[in-house]
Amino acid sequence: MLADHCPLTAVREILESNKTHNTKLWNQLANMGLLGAAIPEKYGGTNMNMLELCVIAEELGRALAPVPFSSSIYVAAETLKATQNENAKKHWLPKLASGEAIGTFAFSEKAGAPTFANTNTAFDGHKLSGTKMPVPDGMSANFVITTAKNKKDQAVIILADANTPNVKRQNVRTIDPSRKYATITFHDAPAEILAEGDKAEEMMDRILNRSAVLFAFEQLGGADAALEMAQTYARERFAFGRPIGSFQAIKHKLANIYVKNQLARSNCYYAAMTLGSQEESADLAIAAATARISASDAFIFAAQENVQTHGGIGFTWESDCQLFYRRARTLSLVIGAQRRWKERLVRLLEMKNVA
Amino acid sequence: MHLNDTPQEAAFRKKVRDFLNQNAKPKDADNLKAARAETRESEADGLARAKKWQKKKAAAGYAAITWPKDYGGMGGTAIQSVIYNQEEAKYHLPRGYFEIGLGMCIPTLIAYADKETLTRYVKPALYGEEIWCQLFSEPAAGSDVAGIRSRVKRDGDDWILNGQKVWTSGAHFSDYGIIVARSDPDQPKHRGLTFFFLDMHAPGVEVRPIKQMSGGSNFNEVFFNDVRIPDSQRLGEVGEGWKVALTTLMNERLAVGMGESADAGDLLEIARDLETENGPAVKDAHIRAKIAEWYAESQGLKYTKMRTLTALSKGETPGPESSIIKIVSARKMQDIGAFAMEMQDMAGVVSDGELSPFGAAFQQQWIWAAGFRIAGGTDEILRNIVAERVLGMPADIRVDKAKPFRDLPTGR
Amino acid sequence: MLADHCPLTAVREILESNKTHNTKLWNQLANMGLLGAAIPEKYGGTNMNMLELCVIAEELGRALAPVPFSSSIYVAAETLKATQNENAKKHWLPKLASGEAIGTFAFSEKAGAPTFANTNTAFDGHKLSGTKMPVPDGMSANFVITTAKNKKDQAVIILADANTPNVKRQNVRTIDPSRKYATITFHDAPAEILAEGDKAEEMMDRILNRSAVLFAFEQLGGADAALEMAQTYARERFAFGRPIGSFQAIKHKLANIYVKNQLARSNCYYAAMTLGSQEESADLAIAAATARISASDAFIFAAQENVQTHGGIGFTWESDCQLFYRRARTLSLVIGAQRRWKERLVRLLEMKNVA
Amino acid sequence: MHLNDTPQEAAFRKKVRDFLNQNAKPKDADNLKAARAETRESEADGLARAKKWQKKKAAAGYAAITWPKDYGGMGGTAIQSVIYNQEEAKYHLPRGYFEIGLGMCIPTLIAYADKETLTRYVKPALYGEEIWCQLFSEPAAGSDVAGIRSRVKRDGDDWILNGQKVWTSGAHFSDYGIIVARSDPDQPKHRGLTFFFLDMHAPGVEVRPIKQMSGGSNFNEVFFNDVRIPDSQRLGEVGEGWKVALTTLMNERLAVGMGESADAGDLLEIARDLETENGPAVKDAHIRAKIAEWYAESQGLKYTKMRTLTALSKGETPGPESSIIKIVSARKMQDIGAFAMEMQDMAGVVSDGELSPFGAAFQQQWIWAAGFRIAGGTDEILRNIVAERVLGMPADIRVDKAKPFRDLPTGR
C-alpha cells in the first residue's frame, strides 16, 4: 500500500540530502488519519486500535519510510497517552494526531546502555540540563521526551519543548542517513514532568513494551521486503548459465531468511494480540521482548544476506541493498540493542517464574 | 491467529474433555518425568494398552475425525481433529502405534483401492486390530525418495517382490504395509514404479530392527525374498507408483512427531542450580542471552503452529511452509542439549539419570536430535523444499530425470 | 600410524563392553616407549620432548584410541613432573612411563564448574574424604590426583592411591562409553600432598595449560578423521544420480569443517611451540586456551556434521559416526567446558593487557 | 611453523630494515588512528607520494624481489619477498597503487609477451612510472568469471573492442590494462576468449568511478567504444584467452588486501569503557565469550598465514587453501563491527568519528565488510573452491560448458 506513496527513491532522497524526512508522505499519512489511529478521539485521534497501528508499522517497514512516525507515534504519542499530566496530553496529542507536531524521545547520552542510574541529565523541578545523543528525528521534533534525575536523585521522564533558545541541536552523522539523528543539549530548558520516581520506571517499561511491538512490526516489514528483493534477484540473475537461485548456496540462504522471518511474524502476531487487548496484559512485556528479539534478528539477517545474494552490484551506492542494510541495523538499536532485550526477556521470565 | 475457540469449537472441546476424563488419567505437571516413565514400559505392554485404548477411541468416533462416516470416520473438520489431539496430549495415553497406518496408509487406500478392499481393511485398522506400516525408504533411496531399487516382476496374477526397505517404523508389530517398488528399470526413475499393499506376515518377509546411535530401536530393515503379492493389492496403475507415493508423502511431514524436549525454560531452571566459576549460572550473561534466543525461537515455533491451525480452521491446507518447524526445532534440540551439557561442565558427560540434572534429559536429547535432523527429511532437503516450493527458486539441476533408471550412476 | 594398531572396531569393542580400555594397545604404546616420551630419563622416561607428545596425541585422536593415555600422561605425569614431592615422583613416574600404573585426575564433584572454592573434599594432612564424579579412567587408575581443601581452608592438590579399602569406585554411565568414567569416594583415604595454597593454584594452572595443548591435538586428530570420513562418504554416496558431494549444501558444509580444522591446527601448532620451549613461556597459557577453544569447536562441529552428511545410516549404531559424535563432546568437557576456557582466555588477555 | 628466521633470512631482514629506516617513518603504536590519517590524504597526493617511493624501492631492488634479474628483479626467494612486506608494513608508506600491475599484470606479460614488449613495459611499471590495471569482471561475469560479453573483432592488423568492464581497481589512474574479451561467441564459453593488453588512454576508453555502499569509490566501470588494439598486444593465441586469464587469476587471491580492521583486542578495549545495564561491559560474560571466540579465530588466521609462509620458505606454492583466510576474516570483520555497535547500544548508530568510540572504526568496518565478503570471490564461491580443489568434492553440475556462448540463457 505504501509502496505507491513511498518508493525506495524517496528513501534515497533523504539518504542523499540534508532533509529530515519526506514531508509529502508525512502529510499524506496525516491526511489519511493514520497518525492518530491509536490516539483517543478526545485528543484528536481516530482511536481505531493498536492492531491498526501494527499494520501501519509493518507497511512503513516494508517501504523503509523516511518519516518520523516511530518517534512521534510509537513512542511520543504512546507515552503521552499514559501520563497523568493532562496539560501535556491536551497540548500535544492533537498535534501529533494531525501531524502538526513531531515528537521524539531522547534516552541515550553516549555509547553504552542508557539507564536512569547513569543519566547525567538533571531536572530541577522546572528546568532541564544535559546532553542527549543520538536522538532520532531530533532535528525535526517539536518536543522531546527524555530521561533525567530530579533533585532527590529519582528517575523522571520529562517533556521539553524543542523550539526554545535553551535547546541546542545539531545533526549527528549515523550509519543510516535516511533517518536523521541529532545531538540535543538542554541548558536550563523549560520542561515538564510526565512521570516521577516509581511511576517513571513504570512508564519506561510501558514505553519499551509498546514501542517494541511496533518497531518489531516495522522490522518485520523490512525483513520481508529484503527477502523479496533477494528472491527476485536470485531468479533473474544468471551465472554459469543458470539462475543463481538454482544454486543451493543461494537457495538455502533464502530459506534461512524465510525461516527467521516466519518466526518473527508469528511472535509479532502474538505480541499484537497482547498489545491489542483491553487490559494491560501481564504477558505484554514478555511478548514484546520476544517479538523485538526475533524481528531484529530477522531484519538484520535478511538485509545482510540480501547484499550477499546480489554480489558486487549489491555493494554499490545505486543499489537499494544498502538502504535495507543500514535501516535494519538502525532499527535494531533504536530502543536498545538486542543484547539488552535478551537480558530484559530473561529477567521477565524469572519474574514470571514459570519460564 | 487462532487462540480462542469459536462457540462450536468450544462445545466440541468440552465433549472431548468429558470423554477423556471418563477414560484416561491427566498428565502430571512434570511432563518430562512422566514421559520418561512411559518410555520405561515394555513395547509389548505399551502395544496392548494402545490397542485397548484405540478400540474405545474408535467406538467413540475420535479415531478418524476427518474421515467420511462411510469409512467409520466422524465426518468432522481438520480443526476438530487438532482440538482432539491437543486435548488427548494432556492425558497419559499410549501413542505411536497407529499414526502411520491411519495417517498415511489407509488414506492412500481410500484414494486408490476398491470398495471390497476398503470394507475388509479400514475398520480393523481404525479399531487397532490390525497395524499398518509404510515401506518407502531404501538404503539407496533416502533423501532421493524415488531412487528405489526393490524390484517387482509380474508372474500371472501375482507380482514377485525382491529387495530391501529401511527405516520402517513399526514394521515389527505391523500386519500390513504399503510399498512402492520398481516394476520397470528401463523407464526413467520416476516412471517405472508400482505401488502395492502387502501382508507383513507373508512368506519371504523378514523384519530386522535397526539399532540406532541412541541405543534404542524404533526402526527396522525389512527384507523381501520372492514375496508374492496378488495383483488385486496393487494401488494405482502399473508404472504410476510415484504418483500414488506422492499422495502418501503429502501427509508425512505432519506424521513425524517431535516428542517432548527440554527447552529454554528448562535451561533457566537448571541455571538456577548450577555454579559457574564466577557464581550462579543464572547470573551469567552468556547463558542468559542463549536462553533468550531459544525462548524467542520456541515461541516463534509455537505461534507458527497456531497460525497453521488458523489456516486449517479457515479450511486452508497447510503447505510446505510447515517444513520450517522441523528445521528449527531439530537443530534447537541439538544445540540446547549441548549447551546444557556445557553448563554442567565436566559432569556434562554423565548420562546416568540418577546423577545428571533433569534425569539426563539434555544428554538424551543431544543424541536423539542428531537423528531428528535427518528423519522425515534432512535439514538440507527441507531447505530445498522451502526455497523451491515456498520461495519459487528454480529446482536443482537434475541429471536423473530422463535416463533409464538402470543407467543411472550409483555409489555405495 | 595408530590406525593399524587401533582400528575403529577396537573403539567399538570398548563402547559395547564393560572393559575399561584396550589393554593390547596400551601395552604396545608402553613397549614403543610412547608413554614415557615426555618423562625425564631420571624417572624412567625417554625424555624426547613435548612436541613428540603432541604428535602422539593427534594420532590418538585420529584413532579415537580407547586407552587412558590422556589421564595418565597429559595430566598425571605432567602434574608429577611439577611437584616438589620427590617421593611421589620417584614412586609413580617410572610406573607411568612403563605403563605399569595408570594415573588419573578427579576435579569434578557434581554438575557445574569445579573450583577450589566449591570443593567439598577435605584433606586433614594425612587422610582424604569426599566424592569425585565423573573421573575419567577412574575404574582402571592406580592413583588419583585430586583437589581438596586443607584444614586451613586452603587449596591442595592431592595424590591418593586408588587401591586401598578406603577408596570406593563405581562405574558411571556417560555419553561416550568408549572411554570409561567412575564415581570415586574417599573415606579417610591415605593421601599425600603435591601442592598446597598458592602453589596448588599455580599447579592447577600448569595442569590446565599443558593438558589443554595435548587435548587440543587429540581433538584436532579426531576432527580431521571425522572430516575424512565425511569426505569419503560424500564422494561415494549417490543421490539424484550424482555424488552427494556435488551438492553445495554438502560441499559447503565440508568446507566449513575444513576451515575450522585449519584454524584449530594453526592454533595447535603455535601452542605446541610455546609448550615445547625450554622456559615456561608467558604465552603458554594464552596459546593453550586458544588452541583448546578452537580444537573443541572444530571437533564438535566436524563430528556433528559428519553424522548429518551420512544421513540415516549415520544415525545407526553400526555406523562409526556415533564414535566421533560422542568422543568430540566428551573431549570438549574433560578438562572443563568451552565456556570456561573462553572466560579463562579473556582473563589472561586482560592480565597481559595487550590483547 | 615459520616463526624464527634462519641466519640468512635474519641478515636479509636486517638489510631491509636499514633501508626502510633510512627512507621511511615507522608507524605509531596506534595503527588504527594512523591508518585513518592516511585515508584522509587525497588520492592525488597519495599517488605522487607512492610514485616517489616506488622509484626508490625499485632502485634498491625491492620492488620485485622474486623476479629474475633480467627483468629488473632481485632474483630472490618468495620468503624474502614476505620478509620485505612484513617489514614495510611497519612503516608509513603508501600502498595500493602498484600491487595489481606488478602482482598480476606484468607477471602475465612475462609469461606471454615477446622480448621487445617486455623491454618496453616492465621497467616503467617497476619504477612506478606507468600503472597497470586488470580488466576482467563484467556486469554479467562476476562469480562466473568466464561469462564475458565484451567483444573483440579482427580488423586487419588490429582488433576492435566494444563492451564494458566493472570493478576495475585503479582504472582511473592507470596507463595500461590487461583485458580478456570474447573473440568468438559461437564457441563454448571458455573457448572463445582472447587476451590483450591495452593503452588506457586510447580513444574510446571511458572510465567512470563506482560509488560504493560505503560512500567511497575504489573501483570503476570501464566502457570500450570501438577501441583499437594492435594484434601485437595480444597475449597468447586467439581463442585461448581463458588459459592466459587463469595465469593472472592464480595470483589474485594473494593480491586482495585486507587492510587493518578492528579485532577481538579492540573489543576488549572498548568493553573497558562501556557500561551495560548491569555494570561494566568488560564484566559481561556474553561479551567475554564473544571476544574469546574471535580472538581464537584471529590467532588461527595469523598462524595459518605463518604456516603458508613456512610452506613458501620450503619452496612450496600456496594453494587454494589460502581461500579460508578471506572466508573467515570478511565475516569476522562484519560480525565484530556489528557486535561493537550492539555494545554501544543506542549510540551504536553514530558514525561520526568524533563522537563514536575508536573513531567509528567499527561502524566503518561493518559497512566495508559487506563488500569484502564479495570482492575477490564471494564467501560462496570460495567455499566451492575449498570443497572442490582442497577436499576433492565433485564439481557443480555445469550446463554452460558445451553449448555455444551465444546460446546460453542470460538473466539481468
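Each chain carries a letter (A, B, C and D) given by its place in the written order, and its residues are counted from 1.
Definition applied: contacts are C-beta pairs under 8 Å (C-beta built on N, C-alpha and C of every residue); 3 or more make two chains touch, one makes a residue touch a chain.
Here the structure is a predicted model, which is why all the values come from computation and not from measurement.
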Averaging each chain's C-alpha atoms to get its centre, pick out the one most distant from chain D.
B
The pair out of A-B and B-C sharing more C-beta contacts is B-C
How many Å are there between the centre of chain C and the centre of chain D, using C-alpha atoms for each centre?
42
Just curious, how far off is chain C from chain B if you go by their C-alpha centres, in Å?
39
For chain B versus chain D, what separation do you get between their C-alpha means, in angstrom?
51
Chain C, residues touching no fewer than two other chains:
235, 242-243, 247-250, 252, 339, 343
Sites on chain B at which at least two other chains make contact:
276, 278, 285-286, 288-289, 380, 383-384, 396-397, 399
The answer for chain A against chain B in the complex is residues 227, 231, 234-235, 242-243, 245-246, 248, 250-252, 254-256, 258-259, 262-267, 269-270, 273, 289-290, 293-294, 297, 339, 341-343, 345-346, 349-350, 354-355
In their shared complex, at which residues does chain B touch chain A?
1, 3, 264-265, 268-269, 282, 285, 288-289, 291-293, 295-297, 299-304, 306-307, 321, 324, 327-328, 380, 382-384, 386-388, 390-397
Given the complex with chain C, which residues does chain A contribute to the contact?
247-249, 252
Considering the complex alone, what residue numbers of chain D touch chain B?
276, 278, 284-289, 397, 399
In their complex, what parts of chain B are in touch with chain C?
137, 139-140, 142-144, 147, 166-167, 189, 210-213, 215, 270, 273-278, 281, 286, 334, 338, 341-352, 355-357, 363, 366-367, 370-371, 373-375, 378-380, 383-384, 396, 398-400, 403, 408-412
